[in-house]
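The data blocks that follow each hold one structure.
Two complexes, one shared chain (chain A), two partners (chain B, chain C).
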Partner chain A sequence: MFKKFNIWYTSSFIISFIVAIPILTVFTSFFEDTSNYFEILKQTFLAEYIFNSFILLIGVLLLTFIIGTGCAYLVSFYQFPGVNFFKWALILSFAVPPYIYAYSLTAFFENYGTAFTILKHLFGEANYNSSIPKFDGMFGAILSLSFSLFSYVYILTRASFYYQSQSLIDLGKNLGFSKTKSFFSIILPSARPAIVAGLSLVAMETLSDFGAVSFFGINTLTTGIYNAWTGFDDLAFANQLSFYLLIFILAIFILENYSRKKARYHSQTKGGFKQKEKTKLNKSNSFWAFAACFVVLFFSFIFPLSQMLYWTIIFPKNFFDLKIFDLFTNTIYLVLLSSSALIIFSFITNYGNRVSRSKLLNILTTFSISGYAIPGVILAVAFITFIAWFDNTVISFFELKSIKKLFIGSILGLVLVYFIRFYSLACNGIKSGYEKINRSIDESAYLIGYSKLKTFLNIHVSYLRNSILLIGMLISLEVVRELPITLILRPFNFETFATTAYIYASQDLLEAAAVPSLCLIMIASFFILLTSKYILRDNSE
Partner chain B sequence: MKRLSILSILFAFISSFALAAEVNVFSARHYDSDIQLYEKFTAATGIKVNVVSGKDKALQKRITEEDADCVGDLYITADAGRLGAFQAKGMLQRAGWSKAIKDSVSNNFRSAQWVGIAKRARIMYYSPERVSANDLNGMTYEGLSDPKWKGRVVIRKHNNIYNQSLVASLIKNNGKTATATWAKGVVANMARDSKGNDRAQILAVAAGEADIAVANTYYYALMLSGKKGAEQQAAAKKVMPFFPNQQDRGTHMNISGAGMLKHSPNKANAVKLVEFLLTKEAQEHIVNNTFEYPMIAGVSPNALVPGADLSFKQDLKTSVKSYGTKQADAIEMMKAAGWK
Partner chain C sequence: MNNNFFEVKNVSFKAGGQNKVNNVSFSIENEGDIVCLLGPSGIGKTTILRSIAGLEKIETGSIQLKGKTLSSNKTNIEPEDRNISLSFQENCLFPHYTVEKNIYLGAERKNSNKKKKINIKKTIKLLNIGKILDHYPHQISAGEAQRVSLARSLASQPDLLLLDEPLSNVDQSFKEEIQVQLKQILKDLKITTIIVTHDSYEAFYLGNKCGIILNKQLKQFDDPYNVYHFPNSVEVVNFLNRGILIPAKVTGENSLENKDLGTIKGNFIKYYPKGTNVKLLLQPEDLEHDDKSNLKLEVVDRKFRGTNFIYTLKTNSNLLIPVFVHSHHMHQHEVDEKFGIKRPINIDHIVCF
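Our next item is the complex of A and B:
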């Protein structure tokens, strides 16, 4: 019996193992010890990094919670002009990565920036600089991350509000609760698991952010690890920092799991998916609801888009100098390669899990999806470290040809690390689709003489077509926005929109970064438009 | 089978051909103008230039980890401090710079492993409205710690390489104890916690947030050129550049440079590329695009750059090699002084 599952078992074992490698590298290097640069200052650095990461996290969680649940509440429970537009338009903020948001903030609010120009044109020559607020440093980083990430909370909370039963809402009415009281004591608590899930995604992204925080010069655990690792060759310190970062991440995991367990009780009380009646708002309240949604849409999407557009228009030379076609093909090439690899291999592991029902494999799969929790920048460096180690020990022991060139600075290596980073996204997506296919369908397929392969191709794949589409889009979105991995591992003469934007920005050529940023936002928006139908699915299946 | 072998021969031919006529550049200096220069070089010599660009540390890490398999020939970056620190890690080799290179670059701006391709100075910018000629009389970097500048100074963070090299040069000249005290004095004089890039420091003086700023020369020219927009052009005109330490060792100089990587597979081509970058044609291209000072004699800087007539006294006494060797001390000193 066991033999039959061998192919599936082995292949999914290998995939899970590959994905787990850099994570293992991070852990094993705990025992290594290297340079002792700045021994005395390390404790100061450490305290600073932890403090900054903590403040950043708290700030972003608070803001994304308010914006995300606020918008979700308005579009789910009320009827006002534009509500159907805002429902999907609000997820466009996904198209603006935090680092591009950071460029826009700086460009607009800096001394003699865009805000200054606008004021000058409106009110004439004067020194407005001192009256223009400066959104930089920690505050700038918090804003950039929040406006770019609140969609996670918005999407998940909105879905949860949608399925909230009418009876729950009626309960509030019957108890004579005010709208506010209903919101805080009934609606919000019952959506808690979704909110926590959204917030934990936000937390993960915040802790792993590299572009925005390094742009604002904030030293967090992630940039600290990167600096210790690359700058001082101080693995020991890098690992000490990784350890603290993992504590943060673990705490988030535990909280999320805890809230999901509690959620089981809540789902018991669900009373079917009867379409809720949205409250129709009167004129003035309609206006406020509209204004609130518009302000969020404006700051999260229209503002960075316009700033980049403005720069592209006033510095048209940058537009003509940029090899847009090359950047576009490179970006799309990476998107296609990584999304097809991810989807194919997540299928294999999920199918392997399904047919073998092995405990070990299950554990390994769980472990391998933690790649999403490890910041991309650390994943990339860990990957290089691992390949170098493997090459220096195993490969040179057998006197084989070095494999470094094959993996470092190659498309293969790049896609492999994307694979590790986004595997959880793909694997979980396919898994949740798979869970909807009853196992009895497999059994009947075997009964009528279908082979495993035929069952897989003819039944599973066609059943999951929608999931595949959705996951493909989400991966594409991530790959288009991805920065640190691409930056570290890309081959010679190979740039994407993201790397071009970042490199211009780091050379103090923000206005030249505008064109690639704009292209990136447009491609990402396109993917979002294609997926929004699935992300915002309202019909219960 | 036959087709396969033909293909593989073809492939081997192409790759050996490519190997014979290429040079691989890891560049932390990603200017479009640099790329244009490389294209000119290829047109002139037939040697293809492959570039991977990125942030300095990431490139260094990749070179270090790839080690003997790294196909990079040249590591091009701004700041001698970076080249020096990378050399200290043993990642550069003696380049065997040709006579042409040695003749055109003074000993002060090169080592056996790396060589400057353009120069810049780190100078001061002041508000003529709020800073008198008397204030600036005999002004030095050392003078930035004078209490008379309390609440008036802006300068970047401690983790910025330009500052690290500046402080390294002060350690080299004045010693550790004096520089540690100096760093505390500067921090006490700051108009705000350090933030932003070099341009932001100049803009802060223009906007009235501070009276005196420290920034590299080419940023000022960049603003004056209008490439940063009309507002910044106007703002730049509100501040004046000032070259410190004219009465003693001269103004702090730094370079953009190229280092020969330890395992360079195309060393001869790499030397050729550096030679090309030091020709009159290439130098003229550089000075008019990045607004740096030329490395060789006989080329004039762009007219917008402060000190375009090169009449100011450059610090040629302090070798830029010390920026790498004193870097760790410099970071420690600034950090200890509470320099953000």
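Our next item is the complex of A and C:
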């Protein structure tokens, strides 16, 4: 009955193939000749790029691990005032992209910045600049990325802690372990896959970050890629640099897998889950737990939000000069187009995979979701390269009208690259929803006379509506924050809050960048608040 | 052309690329008949049901329903077009719909060719699921889920209903009641049914015919009475676990001799020449307790089974023989005591191998 070449198989194959094309372009151009730039760079900055990327990565991983698991532990295992508030409030840091955090950090601590103004108001005129610490350069980048990205670790680790059985905790008590020993011997190791998953996402985001590092003027592999393309038009070299990035990421995965050996972190018990009881903290410990969570919330969300709000208030002209409505409609337009395209096509490929059970399609889909690991800069460049090659060869050969204008510098091209970049998010999200639907559910539907289309529409779509909502919101969040792809591929005179903020900041007009940044944070916060229930997974289906 | 309502002809059933059951042939003559397939776990009973439903392909033979070929190496009608309903062993209710919606989804099937329509409300009442209609599948027990699944399958009033261990999660106290009612519904609505079970009592009660699947083969397909009393192979005897095989020698047209039990009389179901050494099937009800008898065997075990005891007796040749004794029997024997067996031993029908 599962004829391989049915409509579901064919459409899934086409979608996955289209997504895979730019990724393949990245891979193939790796073997192409590079310009002289490579030789120049090899002798000058390449070592610095790699060193900086490595330091940045280590710093961010360490900090996100401490902040993410620390907060997750506190809100999962202890009862203290405000714990339910912090549980979801801590994910608000997602709303602040690293580059906006970087603007806030600089604006607050720079000479005559916000910190200076506050001190002046409090203690009168004086030269405070020398005593105000400067968070710029590498340290600033590490802080910006860490406070913006720790939520990945926090969310996944908290979910893992949440589902940790009380039996496991009781076991520690039974063995006479202290709380510290229980934490390091039982709780933390059993959450290891979740922590690693969170850190892997942080690693990918860190290595592909463009906005924050370029703002702080740090030369990393990503900025190197951007320079190789913009300065020397050398895609092959840009791709070779991106390969170093991928090697970094791959090395982390291999290291983790190797160190894990054959250990398993879950037991397949039926009905053995026992909900944890939170430990009620005494007054002083409650204060410290509250203070720790508040400090993280303050630095990750309240601080950048207040900084942007403060500038918006003291420089109202910027607010009125900005075409907020246009930027808002542009941003929402991209959000709606991308999220609907991603959800619809990801649904089709997942269902196609499910009904056709084809290994080839499965491999192609797995390959096509690797777009998330490739930095947005590279994807955008690879896309332009592919379209240019296709136009110069295939289209010219058939003497058809050039397609460059259709795809480059157009909404279609922009949405298509968003599609490739965030395809894994949508595809995996729907896949994990699908994994909860036993195959016998489909079979039951067929056996009560439902066709495949009717099963898809009446059973799957309606069952996965919450997953769809969640994925839609997560994609929206990513699109709102996305910078490099939008910067490279946007149509002329088409700006979003992200690009406007970046352009002002790159011209050293941080006050002007505050309004679009604030709007971006607010829109992103809105999406987070809508999805927090599902992100935190306490009431998952 | 055959007139069977349903027919499986020389089919080898496969699942996950592995041959599960080979060269199976059986048929259901009349609409409304019930067939039970018995066999140990993992033998391929579910694969047979899935293949009949169209969820697995077959490479050899054919499956026909009402004279129409559903599956063969050339034909394969989609499951949704077969009007066959399968009630799975595990919970396969639509998780986002209430129990009531799940059941009524079954009734959406377009099969108005049935003369008698099922009364869904009555079915709900019969299966005792009226109180959980507004619940979601995750809020009900495994036994309830199984009954809801059964109700959904019945509501679709299929031409052929396939039930995979339909009552395996139902409480024992409620099981017999449902068996009675289920049989009644199936008969009333003339729904032809194939039931897979490992419970021989369930199969013998519900089925017009029973099939025994062992060692990748359909070993016997017959009336329940015949399967029980006239098993056609040693494997079937061992599977049903209803007796033991003891060595004996045919001494006449109606008699055999065992060196521990002496003469055994009865009617052979198959002819054996005098002097043939055979293995005689001795079932627990074949022997009668008699304390006055001079044939005394040692009690090695006694199991209380409510209405009766099952004694395990040891013969001089160390054979272990099971014997039923009514539990009201006054003469209860302890382990190591002697237990008398009435002589001569008379068995209604003698089954030998």
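Here are a few things to note about the model shown:
Everything that follows uses one rule, which is that the second predicted complex is superposed on the first by the 502 of 541 C-alpha atoms of A that agree within 3 Å, B and C clash if a C-alpha of one lies under 4 Å from a C-alpha of the other, contacts with A are read in each partner's own complex, and residues count from 1 in each chain.
We adopt the following convention: contacts are C-beta pairs under 8 Å (C-beta built on N, C-alpha and C of every residue); 3 or more make two chains touch, one makes a residue touch a chain.
Note that the structure is predicted; figures quoted are calculated from it, not measured.
Once chain A is used to superpose the two complexes, chain B occupies space next to chain C without a clash.
In the superposition on chain A, A:84 contacts neither chain B nor chain C.
In the superposed model, A:137 makes contact with chain B only, not with chain C.
With both complexes placed on chain A, chain A has more residues touched by B than by the other of chain B and chain C.
When the shared chain is aligned, chain B comes close enough to touch A:409, but chain C does not. Contact with chain B, but none with chain C, is seen for A:111 once the two complexes are overlaid on the shared chain.
In the superposition on chain A, A:462 makes contact with chain C only, while chain B stays out of contact range.
When the shared chain is aligned, no partner comes close enough to touch A:285: not chain B, not chain C. After the superposition on chain A, the angle chain B-chain A-chain C between C-alpha centres rounds to 160°, nearest 10. With both structures placed on the common chain, the touch criterion links A:488 to chain B but leaves chain C unconnected.
Taking every C-alpha of chain B against every C-alpha of chain C after the fit on chain A, the minimum distance is 40 Å. Note for the complex: chain A touches chain C at residues 1, 437-438, 440-441, 443-451, 459, 462-463, 541. Contacts from chain A toward chain B in the complex involve residues 37-38, 40-41, 44, 110-113, 116-117, 120, 127, 129-130, 136-137, 217, 219, 226-227, 229-231, 233, 314-315, 321, 381, 384-385, 387-388, 391, 402, 404-405, 408-409, 487-488, 490-495, 499, 503-504, 506-508, 511-512. On chain B, the positions that touch chain A within their shared complex are 24, 29-32, 50-55, 57-58, 60-62, 64-69, 71, 89, 157, 159, 193, 195-200, 203-204, 206-209, 219, 227-229, 231-232, 234-235, 328, 331-332, 335-336. Listed in rising order, the residues of chain C touching chain A in the complex are 50, 53-55, 57, 76, 78-80, 83-86, 88, 90, 92-96, 105-106, 108-111, 149, 152-153, 156.
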